[in-house]
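Report on the following structure.
Read from first to last, the chains carry the letters A, B, C and D; within each, the first residue is number 1.
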Amino acid sequence: MLLEVRQLTKSFGGLLALSNVSFTVEKGDVVGLIGPNGSGKSTAFNIMAGTFPPTSGQVLLEGKDITGLPAHQVSARGIARSFQLVRPFLHLTALQNVMAGRMYGHEPVASTHQAKTEAMAILAFIGLAEKNQTKAGSLTVMERKWLELGRALATRPKLLLLDEFMAGLTPTEVNAAMSLIGEFKEQGITVIVVEHIVKAVMNLSNHVIVLNAGTKIAEGSPQEVSRDPHVIKAYLGERYAAH
Amino acid sequence: MLHISRIDVAYGDLQVLWDVSLEVGPKSVVAMVGPNGAGKTTTLRAVMGLLRPAQGRITFMGQDITQTPTHEIVNMGLCLVPEWRGTFSTLTVLENLELGAFPKAARAKKTESMQRVFEIFPILAERQSQRAGTLSGGQRQMLAIGRALMLQPKLLILDEPSLGLAPLIVDDIFKVIKQISTEGISILVVEQNVNMALEIAQYAYVIETGRIVQHDTGAKLLTDERVRSAYMGI
Amino acid sequence: MKYGGWLIAGVLLAALLVTPQLPFSNNKILTILIQLFIVAAMASSWNILAGFAGQVNLGHAAFFGLGALTTRLMWLDGYPLALSFVAGGLVAALFALAIGFPALRLRGIYFAIGTLALAEALNETVSNILPGNSALPGPQLVSYELPSRYYLALGVVLVVVAVAYWLTQARLGLGMMSVRENEAAAQAIGINAFRHKLWAFIISAFLAGITGSAFAYFHVSYYYQHTFTPLWTFDAVLVTFVGGVGTVAGPILGAIFFVVIRDVLATNLTNFHQVIFGVLFILVVLILPGGFLELWDRLRVRMTNSK
Amino acid sequence: MFEIIAQNIVSGIMVGALYGLAALGLSLVFGVLKILNVAHGELIMLGGYTTFWLFNLYGLDPFVSLLVVLPTIFVVGWLLHQGLFSRVVQLDEENRIKNSLLIGFGLTLVLQNLAIQLWTADERSVTPAYATAALELGGVRLPVIRLAGLIIAFLAVAGLELFLNRSYWGKAVRATAEDWQTAALTGINIKTTYLLTFGLGASLAGIAGTLVTVSFSISPFIGLQWTLKALIVVVLAGLGSIGGVLAAGILLGVTESLSAYYWGGEYRELVGLIIFLIVLSVRPQGLFGASE
């Protein structure tokens, strides 16, 4: 078991965003975390990434308690994330972006030279090798997404959290993203995706967790979840149930 | 009525729209659909003069508005309810509506417009003296639409009216949109909720990564294989 | 940096090293150069916090003043110059460490205003407690000569530039720049944003402190308060933005522009030189928001495109 | 003993009201335009000189001179915005603040040195016949001029609040402050709103300048210290909080006055600052600012 989330609860000024949510993630899993807007998936995501602590509950990574650790320590323990609205370092080159990930994060290297070599390899993997000297601010939206992914990979994560990574992509680009995420499995990286596009999540994940109004309403294989009457009612709506 | 012809838009070095054209005729409901980040909001910002296209032309009622300041576009009767709702949370509901009638022409008909808004949204009449920031999401959306109606617009643009609202409220909002359209106001609605948008639209455009990739009547797109699998499939 | 750049830097350094020995060199030239070094070092040290780590500190004069005050008092009290000099930097750095904890919790504009107010309170307090001026006593006055001041100021500017250059190559500098670009994203890849900002603050303060020390060693007589006046901050800010913020060469270029223009204007238009300088400055901000280096980049792009 | 403390508190209130007034315009401009005008103190200086010259050349009573100062400095503000600051308001927030700061620095240099050239570097003040008149209240002296200053400060705040809450343009200003894009989409001419706001902010600085001239003295160099006081007050009150500005100013004035009494005048600035830092670290949004 790589990650265990125990009874997470989070309230913002009296408003309960997440209530008693528990789940586990096995090594090598691709887990889909879905739910309608405001269902608490972003809150759960941010707690796992260390953006803010939960009101109560625990997050354990490989059995060790990481609840409430600040984001940079969470990263050092081996959890990397992407942002829903991409946040590359705009005034730094693509190479510097990835090098920053390689020199910090989990298992960082101290040598600038080594970081540069490894960062180039990662840039090649995400198809940006030729743009290594381009400032991130001059890249297209798509390229920025890949760069942010590359920067996250450079931190050598055990667990990668992808926040609506597919949002804004055309169906073709979604396919490209899915095959890339497929490759992570071979590299031993476990992935949790928070997504709006249900179809992509169902194809990609081997395990799906559905949140609604801050609570977990279903969990299981994509097939199980998509047949679950609670899910159909809360998330997909009655009218889709027949399809 | 509204003609967007072949506009390109960039944020600094970053081009986000290519060759986008779109048309809204009088007394019609038109939808623009597409995934998050495809350029829907950017198109609307360009229409409203909040962004200047690098190429192309936008006309409204036959007049070129490509370089016109936002408030003048609004005064011409072209009004946008933005995806960020567009209410002033530190002002009361009444103040929000009053400000909605800021342009001189609208100010003259203020009382009459406000009565109409209260008829459509009785809840706003009840909450008049409350600060907009204390309203629920759905009420704020109603206030934003109400505020726009205070201007007595000829064309109303709605950016993601269903975003973040409970399904029941979404139904209400779409009913109101239909009602407004029957009163002779043209509507351009931008939605991620593709199904609902296509159901009320006579004509619709599909935008992906900054380009219009498909356009047809709402009914046809609703049954289109590609649209169904990309946006409605499970 | 390309070989051409190193070559130019090397030649320039050699020229600066021999300047005091050249036959045509006189006190005026040395004085202007010392002023240039001090302005360049101040700007470059400010740039480390603002340009690299993204925190606009409007109280930089406080560190300059603390360095100058410490060095001056110790030196005149009979401590060796070297010790007084290092102490100047350390006191400034310690002050940064102490105020860094509350001040760096403030973000953006709040940090700018907070540091401005902090420095101003120090300025007022110094002027209240030490209202007089500090003149060199007899023995030091008799042995006063410019070349040693010149070499100390040159040494300081070299140290500051070397540190800035090192940061552009080092992990610490990359971390700082990541924090400047986006704090949340930097945290997400394991960078402790607060610690990086604090380091930038301490380094920047230490370097401003030793610049103040060089000033204290250079001047025969000045009011204690003078080194704490906000003009030191403003000059550093102006110079850095004019040259190009966040770069190694920018503050140096800006300092040359600043000192030359100020000197030329001051000799030719004595009365209105500050007015014209202000206007020039505003024009640079409006026309060249990225400073000279951006202009250079733009020109270079245009030249390569026209080839 | 009690009377001395009471006297100190009363003096602190009167000086603090002036701090508040000095900060009012800065807070308005920052709240609406999101730019920081560090040349605000220079506008105070210009207001002060207007009063000074009207008094010296035409014998115009300083308080009557407000009728001239107000429109004059409004026009100065209008021009400064039109010529300089309007060029930065379209930038994103970070660059807007940075560039407005830099322009403000340049402007400070220009205005300060112009004033030196035009009016010499001497300290000036205005002393009308009633300059030393004072009321006595239970052993506490209330100088007429400072009392009038206090009243004017309150009137200015009340007038501004009235304008912002009752008039159409006032509401437009509030709407623009909250979200300029939505304001534009409501049909409000943002450019006019900005110009109006900047002009108003400048006029308020002008009023403060008149009061500084009669209560203290002016010279071309006073700008920065008043900008700083105003900044401290604005941050204490919470950026953009109009209502809290006067209260924060008075708080600062009273604190300074009392600390000068207890620890000696040398440390009054330091005590004010320590309070400032404590408030900021406990409530970064300021005393009266809304939490995020």
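Here is the rule we go by: contacts are C-beta pairs under 8 Å (C-beta built on N, C-alpha and C of every residue); 3 or more make two chains touch, one makes a residue touch a chain.
The structure presented is a predicted model; accordingly, all values stated were derived computationally and were not measured.
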Can you name the chains that touch chain B as well as chain D? none
Taking a step as a move to a touching chain, how many steps at least join chain A to chain D? 2
Report the chain whose CA-based centre is farthest from the CA-based centre of chain B. C
Length of the line joining the C-alpha centres of chain A and chain B, rounded to whole Å: 32
So, what's the distance in Å between the C-alpha centres of chain C and chain B? 52
For chain A and chain C, let me know how many angstrom lie between their CA-based centres, rounded off. 43
Every touching pair of chains is listed here as A-B, A-C, B-D, C-D
Of all residues in chain B, which touch chain A in the complex? 12-16, 35-38, 163-164, 167, 195, 208-209, 229-230, 232-234
Touching residues on chain C, where the partner in the complex is chain A: 169-171, 174-175, 177-178, 180-182, 184-193, 246
Enumerate the contact residues on chain A facing chain B in the complex. 37-38, 137-138, 140-142, 164, 167-171, 173, 196-199, 202, 226, 236-237, 239-240, 243
In their shared complex, chain C is touched by residues of chain A numbered 49-51, 70-73, 75-76, 80-81, 83, 87-92, 96, 99-101, 103-106, 108, 110, 112, 115, 148, 151-152, 154-155
Chain B partner, complex, touching residues on chain D are 168, 171-172, 174-175, 178-179, 181-191
